[in-house]
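What follows is chain A paired twice: with chain B in the first complex and chain C in the second.
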Partner chain A sequence: MGGMKKVLSGFTALATIASVAVPAVAQADDVTVGVLVPLTGELGEFGKIVAGSVELGVKQINEAGGTKCGMLRTVVADTAGSAEQAIREATKMIDTEGAVALLGPTSGAMVALVDLAKRKETVVMSPYAGTITLNEIGGDYIYRTVSSDLGDGEASGLWLKEKGYKKVAFLVQNEESTISPAQVAQERLKDAGIELTDYVIYNPGQPSYQAELISVLANEPDAIYLAGGQESGVTVLKEAAAGGYGGEWLLTADLAVPEVFDALDPRILNDKAYVEVAQADKSLPEYKAFEAFHKAETGAEPGPFAANSYDMAMLVALALEASDGCTGAAVNSMIRDVTEGGEKVSSFADGKAALADGKDIDYEGASGPLTLDKSGTPAGAYQIMKAVDGAWVDEKFFPASAFE
Partner chain B sequence: MTLFLQFLLTGIVTGCFLVLATIGFSFTRRVEGFLNIAHAELLGVSAFTTWGLNKLAGWHILPSAAVGIIVTAFLGLAIGRIVYDPIRRFGPAVLLITSVGVSYAIGGVIDAVIGTGIRTLDIPLATSYRFWGLRITDYQLLVVALAIVASGSLALFLNKTKTGLAIRAISVNPELAASRGIDVQKTSRATWLISSGLAGLAGVMLSVIATLSTDIAFHQILQILAVAILAGLGSLYAVILSGLIVGIAMDVSVFWIPAGYRPLIAFAVVILVLLVRPQGLAGSKSS
Partner chain C sequence: MIQSLLLSTLMFGALFSVLSISLNLQYARGGMINFGTVAYFAAGAYAYAIFTQEPPSGLDQYAFGFDLPWWAGFLAAGVAATLFALITGWPTLRLRGEYLALTTFAFAEVLHSFLLNERRIGNGSVGLANVERPDLSFFGLDEQIGYAVAACVLMLVTAWLFNRLLASPYGRLVDATRDDETAAEAVGKDTTRTRLQVFVISAIPIGFAGALYAMITTLVSPALFTAEITFFVWIALVLGGERTILGAIIGTMALVFFQELVRMIPFESVRSAQIAASVEEVLTGVLFIIVLRWQPWEKMKRRKGA
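Our next item is the complex of A and B:
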């Protein structure tokens, strides 16, 4: 079913690309970077943020004179959330467009692209793929600017413990990206002696989740940890409220979007729902500089994973600048080097100047320090946001040091 | 015990939704002679039409739903006339494969028009009623009521009206019915209008109870197929029984086994029943 549907949904993608990407005519000395994101489907909102933020990064890089390999040029394609579509588009980007790096795939697509990335010697990087599968197979051509899902689980567990709940129920969508952090959070609950009343794994795409909620509501938990997508999550929230649930919620990142308040009566969420999301430390000067740039360029606050997406463009450009070649292999050979053990830089222009002076650099990203572990993953920081008056507002920040 | 009865009650509601979603599909299979895979996407057409009128245009849910059903009925009729009628002579296999293509086309257009994210109607939150320790919402009651009304109306239409009797005649033997003076074209048009209108009704209920994303309608096709196959791909009454069996089996199973296996239960029931009755609950061996 996926194939044709995805082809047709590509029409939407084309329209969206026109709005987020500045079309660039390929020059002989351009370096092509592929932006491979879901522009349609449930995760489309995130894909647009990623594509837009990569474009901002590329704009800033090109305004600083581009890399030694030439100006960066982006090509954008829609994965529609499908790994199959991601492989097809990635192959096209590498073989036809000559992309040296592919930025933006979601967890499922990242895992599917591992073989292709290594075979074609093309760096693939994600700003939001937290899947723990990459903890094992990432690190060579496969990178990310966001921490692993295990960190989300740690942060959620820490928050549930801090709130002092006595009884918590877990409702977890049947996907690896939601089950992995839920398992970690569940362990932290056990360590803290909090009673786990239910641990329900459900399948998305259902009209109703009443059957899954029956036991959960009957056990009257203080809070429900809901690790689900937007479609299932909103239905669960509605049905639990209709079922008389009056406790609190801890939601996961997919629900950290303003659209949730349009889809639901905000009273269901206000003052009793929290959402956990991997987020840059907003107090860092690097983030503030990015935020100001984002506002100046778009007139809007950066959305979820915007800083992580911007950092991907920076890492690719700095790795190209630092390496001897202009290929994906060149990017792969230097991407770690530019994130650790040298002069701290926080912009492409500064990094380029330091490299020109023969210095080693350590890029401090808008999303935080980007020192990559052996799986190509940085340490994460997390934000808990609270639903207040129909919007998500910052409640508690957990820096990476909170988990040491 | 109350908990178990709650699962049973929820299962009945799930079953009634499955009846609504499947009855038009089975009707098409019976009369037109093929599995119209695009039926599930028609639920999406209705759901998003209802959503557009209700949320974007600010209409009340009732006229929005009525227009959603009518638009879907006529779209189904148009697809039947334009796409399926010209290739009917190639047989059910070609029609089935074509319907998969139609499904992709409708899904793609919905993707293009609706875009990303989730959608919900501008309607009040469901109200829960409690009796004997059990809980049911007004929207769940509506699903049950509509399943009863839709099934009853269709049964009356097929048994008591001239067009209904003509449809039944054609579904049994099209050549004989045509030779006896039944207008096959007219009867086919009525079939498409009714089956697509029923998809429209199910789509409205989907938009009322679910959170809409562009792929949620297609997600229903496997369960629709499960119910239709269990019913024997034909009898209206068997669809009602089959929908209830699948719905109750899926939801009651959560009482004993993890909810993640819920969809599996639908097919386990189908396989078990077909082992005993290969023709389905009420289908004849020829169907």
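Our next item is the complex of A and C:
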């Protein structure tokens, strides 16, 4: 009797755990899209924004009747910012779930997924992976809806020059997503004749970065360019303030989330920290339409890369609609075609109708024009935001034309 | 879904079985507690990646990439693990019991820290991605099947060789060295040399397994080679029962199966994926505890015996 009780209590415990996580079952006429994002770790805040925006896009697509291959279905997995986890989850999404596209990996994961994407003929697309490594190896099964870090670094260089700093130090986390913009920005800094006092690369996951900060602060820079993740970056900012640093900051996109102000005393950032992020031109009607939709659905303003994420869902759906098949190879064959030459459309419903009429389409995204270059990358604009009263507010906008 | 679960269990199960079989040789037969197993695995994986990787370009921070074919990298993995076993074995094997365990653990941590901080080896925390791998899609079958077969072959060859070795007179020397060193030395056996030989011989397949792991994941980075792997293999060995090669394999397969089972569940919303991310570790831990507490294999064995 006692044994039976133990068995039953064991089963109850397992059933309770299993009921928390209800598995998804694919319908026969669905087409699966994997959402592969960091929901925890250094870029955890971005992952939530990206996954949420892809879900919004999928909802809109399904409300418009879905694609010719069926309704879009998403499966979501957390990469925790690890490339290994990304490969593992991607393999599972493709082999087990039959995903035709994987949306949302960060720079490091994108680079690690190149081989798998080509081998498994599955499109992998990112809304924020600006790494310049993809300038070389992207373009076939590997795409992004954000411009390359060449623009990001260029914008940083322009801003640092405009601010008139004489001495700038670089603190860079050793990740693909942070090294890439820092490398470009560093070159622009040299071109502008600004003295680079230090270029320190640090490993993420450390409890303290004081050793790195001591050498940086000793050279008394006017500003520090911090390319750090959402965990390490916050620690660096706190420790620099505690170490008596009173200069200004230019932070990279990874820190452009409001949660930064919750994680540290806003006075550390207010009026002396700037963050630079790839940003849609907010005056575009496509962006305004997306913004209104986002607000209506979630009650909140779109976060960083939300428009780029929404566009990924649109591109995959339109490519499926325009192609002959329902596979990753079909998406890959048409994804460029739907972004250039033809009738301009700005929603899935319009695109679907135009394709049904036998027209060629050019999708104008919420994040801007999405004409993809050889490496599968669009041109993009950048926004500098300033920390004011515990929030990021727009300071200066660099349109895509600024980098031509 | 079940096919995918079985395939990944077979692939990773066979791969990690190579580690547990080697550990079985070192610990159950050689009497050496090695808490640095992951280091030989990492040495093999990194050697494979460095030998097959193209020379550095763009954002790469590593200094060497020899762009050699996969088999050269595979051989290099064995050599790297052997060298690392010699370097770590020579000074540490004078130690016994928990002292040896702590020293090997320290060596593994030193290697991990070195790979993390010396970016000229393998890009530091970024690691080396898109590692070269041979095309193993035989007869039009999926590549995963090819890699599962390759892992099984490596496991079976290792098991067969170690079995032959231990069944030979050399096996009795190993046992004698473990049971009574003084007695073994009294009959003219060099026990220090035997211990080092066992240590090095068992590290070679671990190096090869590291190379195969790099081929399967197409990635090497310090985050992949933490002490978690060492403890995973130890738990598998304890689970399957010490002293038998079959026990080591069954224990590892069962552990990998549980892990893959937990990972197999798909999630459609951000919230459920977030819960899954946090629940996965807890669930795996609970399964470990259940299995270790009730030891179903031991019960099965006893029933079979009765």
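Simple rule for what comes next: the second predicted complex is superposed on the first by the 379 of 404 C-alpha atoms of A that agree within 3 Å, B and C clash if a C-alpha of one lies under 4 Å from a C-alpha of the other, contacts with A are read in each partner's own complex, and residues count from 1 in each chain.
The rule we apply is simple: a contact is a pair of C-beta atoms (placed from the backbone, for glycine too) under 8 Å apart; a residue touches a chain by one contact, two chains touch by 3 or more.
What you see is a predicted model; the values in this text were computed from it and never measured.
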First (chain B), second (chain C), both or neither touched by A:39: both
Touched partner set for A:88, first chain B, second chain C, both or neither: second
Contacts of A:136 with chain B and chain C, given as first, second, both or neither: second
First (chain B), second (chain C), both or neither touched by A:337: neither
Touching partner for A:77 - first (chain B), second (chain C), both, neither: second
Chain B versus chain C as contact partner of A:97, first or second or both or neither: second
Which superposed partner A:116 touches (first chain B, second chain C, both, neither): second
First, second, both or neither for A:218, with chain B first and chain C second: first
First (chain B), second (chain C), both or neither touched by A:234: first
Touching both chain C and chain B, counted on chain A across the two superposed complexes: 39-40, 48, 80, 174, 201, 203, 205
Complex contact set, residues of chain A against chain C: 10, 13, 17, 20-24, 35, 39-40, 48, 51-52, 55, 73-78, 80, 82-84, 87-88, 91-93, 95-97, 108, 111-112, 114-116, 119, 131-133, 136, 174-176, 179-180, 183, 201, 203-205
Contact set on chain A toward chain B in their complex: 1, 3-5, 7-9, 11-12, 15, 39-45, 47-48, 80, 174, 200-203, 205-208, 210-212, 214-215, 218, 230-235, 238-239, 241-244, 257, 259, 262-265, 268
Partner chain A, residues of chain B touching it in the complex: 3, 6-7, 10-11, 13-14, 17, 100-101, 103-105, 107-109, 111-112, 115-120, 125-128, 135, 137, 140, 205-206, 209-216, 218-220, 250-251, 254, 258-260, 262-263
Touch list for chain C against partner chain A, complex: 1, 4, 57-59, 116-117, 119, 123-127, 129-130, 133, 142-144, 217-219, 221, 223-224, 263-270, 272-279, 282-283, 286, 290
